[in-house]
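Given below, in the form of structure tokens, are the structures.
Heads up, the next two complexes both have subunit A, just with different partners, subunit B and then subunit C.
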Partner chain A sequence: MNKKELFEKFHEIATHPETLMKRYIDEGKPVVLVAPVYTPEEIIHSMGCVPMGAWGADIQLNEAKRYFPAFICSIVQSILELGMKGVYKGASALVVPSLCDSLKCLGENWKYGVKDIPFIPMTYPQNRKPGYGHAFTKAGYERLISDLEKAAGKTFDDGALGESIRVYNDHNQAMRDFATIASKHPEVSASERSDVFKSATFMEKSEHTKLVRELIAYITEEEPAKSGTRILISGILADSPALNDIIDELGFTIAADDVAAQSRQYTVDAPDKAGNESNLDALVNKFCNMDNCSVLYDPDKKRVNMITNKAAFAEAQGVVVILTKFCDPEEFDYPLIKKACDERGLPCVLIEVDRQMENMEQARTMLQALKEMI
Partner chain B sequence: MYTLGIDIGSTTSKCVILRDGKEIVAKSLVVAGTGTKGPKQSYEEVLSAAGLNESDIAFIMATGYGRTTFEKMNGEMSELSCHGKGVFFANPGCRTIIDIGGQDAKVISLTDSGSISNFVMNDKCAAGTGRFLDVMAGILMIGVEELEEYALRSASPVSISSTCTVFAESEVISQLSKNVNKDDLVAGICGSVASRVAALAKRAGIKEEVFMSGGVAQNGGVRAALSKELGVDVKYTDDAQYMGALGAAIAAFHEIDKGLQSGTDH
Partner chain C sequence: MAEEIKKPKRPVDPNSAKYKLGQIAAGAYADAAEAKARGEMVGWCSSNFPVEIPETLGLYVVYPENQAAGIAARGYGQEMCETAESDGYSNDICAYARISLAYAKVKKCEGQDMPQPDFLLCCNNICNCMIKWYENLSRELNIPLIMIDIPFNPDYEVSDAETLYVKEQFFDAIKQLEKITGKKWSENRFRQVMEYSGRTSRAWLKAAGCAHYSPSPFNGFDLLNHMAVMVTARGKKEAAEAMELLCKEYEENHEKGESTFRGEEKYRIMFEGIACWPWLRVTSTGLKSRGINMVTTIYADAFGFIYDDFDGMCRAYASVPNAINLEKARDKRVALAKEIGVDGLLVHTNRSCKLWSGFMYEMSRQIGEACDIPVVSFDGDQADPRNFSEAQYDTRVQGLTEIMESRKAAR
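Coming up: the complex of A and B.
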């Protein structure tokens, strides 16, 4: 495949994951849906299943309103909507981490709204760093393994997990390399960048790594185009085609991101296991080593400085916070991010989005004004 | 040299013609916004008022929600930047602009040199916008331009607690059925808009002098309530509605100036 064909392939996967899901099921690989964020996909992968991201979709909500109130995150609402409409039919289970209140509600509602796909909770501790946080996380993983064995009819093997950890660490590195190269090559549009990240959530990771590596090789060979106005984007999601089109039309270059569905989840690798540790322990250490995310408890809010440092390193001239409407954890962090940006003289704008947004003109006005400010 | 700014909003179209980026030659306002004949009519009226032809205009800058749809424009700029330029041109002491338009509200912070340092916009919601006042005036069967007169007569404003326009509408109807004094009810309605916008303004940060722009600036009831909410004097000028178009005309002049300096022909 040439570069254009690779981007087309990523776009096809990002926009039609159902085709990929059917392929995996036809190949005899059970598909396990993974809701955001930080589901230990390595465990699912090691048990011979394919973890596929369930981040919802830009659809109208009808069925989900039977269970959810209006003022709740549209990601969880649209996941339930897709489930209730049968879009996920054939999946062996849905794993939902407990990292925000809305996700907790999703699991409970799923049990009633979608009877044919079992819900598996992944309960994480608030305090990850102390020993009891490790023990709690490990117990959660063991519960997940037990539930998966029942739901998908597969067995867990710690040796196989070691191999899956290697696959995921390789993929993390490929995604980090892609983000770096895309930052240096402004000809990679926001839409293309988004497709690469979004397809990663659906595709089996070794397959995706191979494609991303091919793409990186092509981009590296090219002379970088002239940079547009460089921005760092932050938020949970940044996959709206309309918003990405506006970012491209206004001549912005995404210098870096702090987006949960993009770079945030590829930041930390599972470390090598030490001494008598099992591979499962190594995976526990991965989660416990994580930081810099709105849904990971941190009284020091180190994430705020991470964002301004990342923006400075990537030579970003502004920060765009793409806030998913009704996302409390992100809303709590925004005033701190804004203050830190102001102190560094870094223009920062907040754009509120949701999965049902059809008119992005207000976002266009704000982004255009940001560009005019810079 | 003449430059023209056109501000195509949701409910009105405004034009301003500037001579040499300094002197307002003519202005026009048509109560019909984007997607209507309003922009064309406003454009024709301003040319006529200035006694100029299309060929006399060196650059046309469009702003407002309909800015990308005006065929005759040479460039377009966000209304945030244009309101900043317009208000600072007319009032160089201004450091905070509160612009309440037909369908949104914006608060813009300016530096000492008039550049934008920060801005916030309201959510997709009619609360705290001109639309809210239109709806309420409709229920009360009075003109929106009469709201000020009623509000300023009030001795004891009624509290309108609902954020949502639809809920506030039923709240107002409920007050009407209790025969509440209309002056107090209108003052409560103006206060409701002011409290929503004040919350937005506090998010951006208030630095004096504070000026209002946009159509709602004409409403003394809202201005008074806003001054009270913010604890600062909220000023306005008679041309408050033209500030976006004025800023666009200034930006048009800068484009020509930039072109002349770089040798580019517009």
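Coming up: the complex of A and C.
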């Protein structure tokens, strides 16, 4: 495949994950849906299943309204909507980490709204640094394994997990390399960048790594285009085609991101296991080492400085907070991010989005204003 | 929309439980203010943090949720919410959090003042929103935060792994507090606090359970007011005594055929959710004028912290209403509704509380079915007066009344 074909492939996967899901099921690989964020996909992968991201979709909500009031975020609502409409039919289970209040509710509603796909909870500790946080994370993983064995009829093997950890660490590195190269090559549009990230949530990771590596090789060979106005984007999602089109039309270059569905999930690898540790222990260490996320306890608010530092490192001239409406973990962080950006003289704008938004003109106005500020 | 105008209050008998409970709730603020003036450290504490810990250590703590409810009930909710919003906080964020973050900044509110904190005690067993709120307080005020994480339990029972995780955090919190405040943990004192907490809780459960008498010897809105003592002072001797007095008064009311519910109790309902504090009189009158007594809420069960040892205490804090799965939450309510005997369920879909409202539609359907009672919901907010419509509330309550009436006629 040439570069254009690769981008087309990523776009196809990003926009039609159902085709890929059917392929995996036809190949005899059970598909396990993974809701945001930080489901230990390595475990699912090691048990011979394909973890596929369930981050909802840009659809109108009808069925989900029987379960959720209007003030729950559209990611969670649209996951349930897709489940109730039968889009996920054939999946073996849905795993939901309970890292925010709306995700806790998703699991409870799913049990009654989508009875043919079992809900598997992934309960993480927030006090994840001390030993007891590690122990509780491990207990959560063991429970997940037990539930998966029942739901998908597969067994767990720690040696196989070691191999899956390697696959995921390789993929993390590929995604980090892609973000870096895309930052240096403004000819990679926001839409194309989004497709690469979004396809990663659906595709089996070794397959995706291969494609991303091919793409990186093509981009590296090229002379970078002249940079647009460099921005750091932050938020949970940044996959709205309309918003990405506006970012491209206005001549912005995404210098870096702190987006949960993009780079945020690829920042930490599972470390090598030490001493008598199992591969499961190594995966526990991965979660417990994580930081800099709105849904992970952060008493020192390290995430705020991480964003301004990341922006400086990537030579971003402004910060765009793409806030998913009703996402209170992100809403609480925004005033502190804004303040930190102001203190550093870094222009920062807020764009509120949800998955039902058809008109992005307000976002256009905000981005135009940002461009003028810069 | 402006908040409602309050009527002057009737004088309260100083020997009554109502007076004593009011004094305990108010006293917590006064004691903390005096301690602060003496140079002692004061903490801000979340409502379902294990109060046994600060109480055993002899620490002065005040409760931002309780303060926010007071501020909202006295008509200052909107201006405090708007102060937070002017700093960039979304108006979709919990109104208690907005009020509290605003108070940490402006440090004054006629609705309810309290001393500024030297440390923060947070527990997320009621929601993860609590974590974010306290993180920001800690950062803005530059003071230490102790956070006990009690995750939402997707299972019916509390697992050994969770009990251990919670227990280790309790020990850690005690150590951190000893270091911060210089106070020392005493096992004897803890046993005493545990005993008072148990006495207060048992008396609360018994008092709230008096609603099984028909008519009920009290207006259920009393529970919302007395809850403040259960939140802030259940480990204190005077709280145990006042709650026992309340229980005695309710029994006496029943014997004398009296009630704090004024008028005929035509219908008995269960109320679901946090009170609409800015619209307390409107929501109360809307029921009372139709002869509806809100005889029970999950609060009647929620503050029954009965346990025998440290592990039991850990499990109790992991079983508070917002920490449990739909089935357990449903079963507790169904048991309560059946035990007390109710004709309907009125659900407050509370914009401030995603977790409480996020699976309430399904749960209330199941409760309605299990108890064979009509279920009606209305939109509101625990502290932001802008998220409530009096007209919608009235229409919904009228609808509920009509269903209850026709069912009664059919019996």
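By our rule, the second predicted complex is superposed on the first by the 374 of 374 C-alpha atoms of A that agree within 3 Å, B and C clash if a C-alpha of one lies under 4 Å from a C-alpha of the other, contacts with A are read in each partner's own complex, and residues count from 1 in each chain.
Basically, a contact is a pair of C-beta atoms (placed from the backbone, for glycine too) under 8 Å apart; a residue touches a chain by one contact, two chains touch by 3 or more.
This is a predicted model, so every value here is computed, not measured.
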Original post:
In the superposed arrangement, does A:M366 touch subunit B (first), subunit C (second), both or neither?
Top reply: first
Original post:
Touching A:Y112, do we find subunit B (first), subunit C (second), both, or neither?
Top reply: second
Original post:
Should A:R66 be classified as contacting the first partner (subunit B), the second (subunit C), both, or neither?
Top reply: second
Original post:
Can A:F332 be said to touch subunit B (first), subunit C (second), both, or neither?
Top reply: second
Original post:
Is A:S146 in contact with subunit B, with subunit C, with both, or with neither (first, second, both, neither)?
Top reply: neither
**OP:** Using the touch criterion from the header, give the chain among subunit B and subunit C with more contacted residues in subunit A.
**Re:** C
Original post:
After superposition on the shared chain, which partner residues are touched by A:T19: those of subunit B (first), subunit C (second), both, or neither?
Top reply: neither
Subject >> Residues on subunit A lying within both footprints (that of subunit B and that of subunit C) >> reply: 350
**OP:** Write out the stretch or stretches of subunit B touching subunit A in their complex.
**Re:** 65, 77-81, 104, 115-121, 123-124
Original post:
Which of the residues in subunit A come into contact with subunit C in the complex?
Top reply: 66-69, 71-72, 98-102, 104-105, 107-109, 111-113, 121, 123-127, 130-133, 135-136, 139-140, 294-295, 297-301, 323, 325-326, 328-329, 331-336, 338-339, 350
Original post:
So in the complex, which bits of subunit A are touching subunit B?
Top reply: 342, 347, 349-350, 352, 361-362, 365-366, 368-369, 372-373
Subject >> List of subunit C residues in touch with subunit A within their complex >> reply: 87-90, 92-94, 97, 124, 127-129, 131-133, 135-136, 138-139, 145, 147-149, 151-155, 159, 161-162, 164-165, 168-169, 172, 325-326, 349, 351, 354-355, 357-363
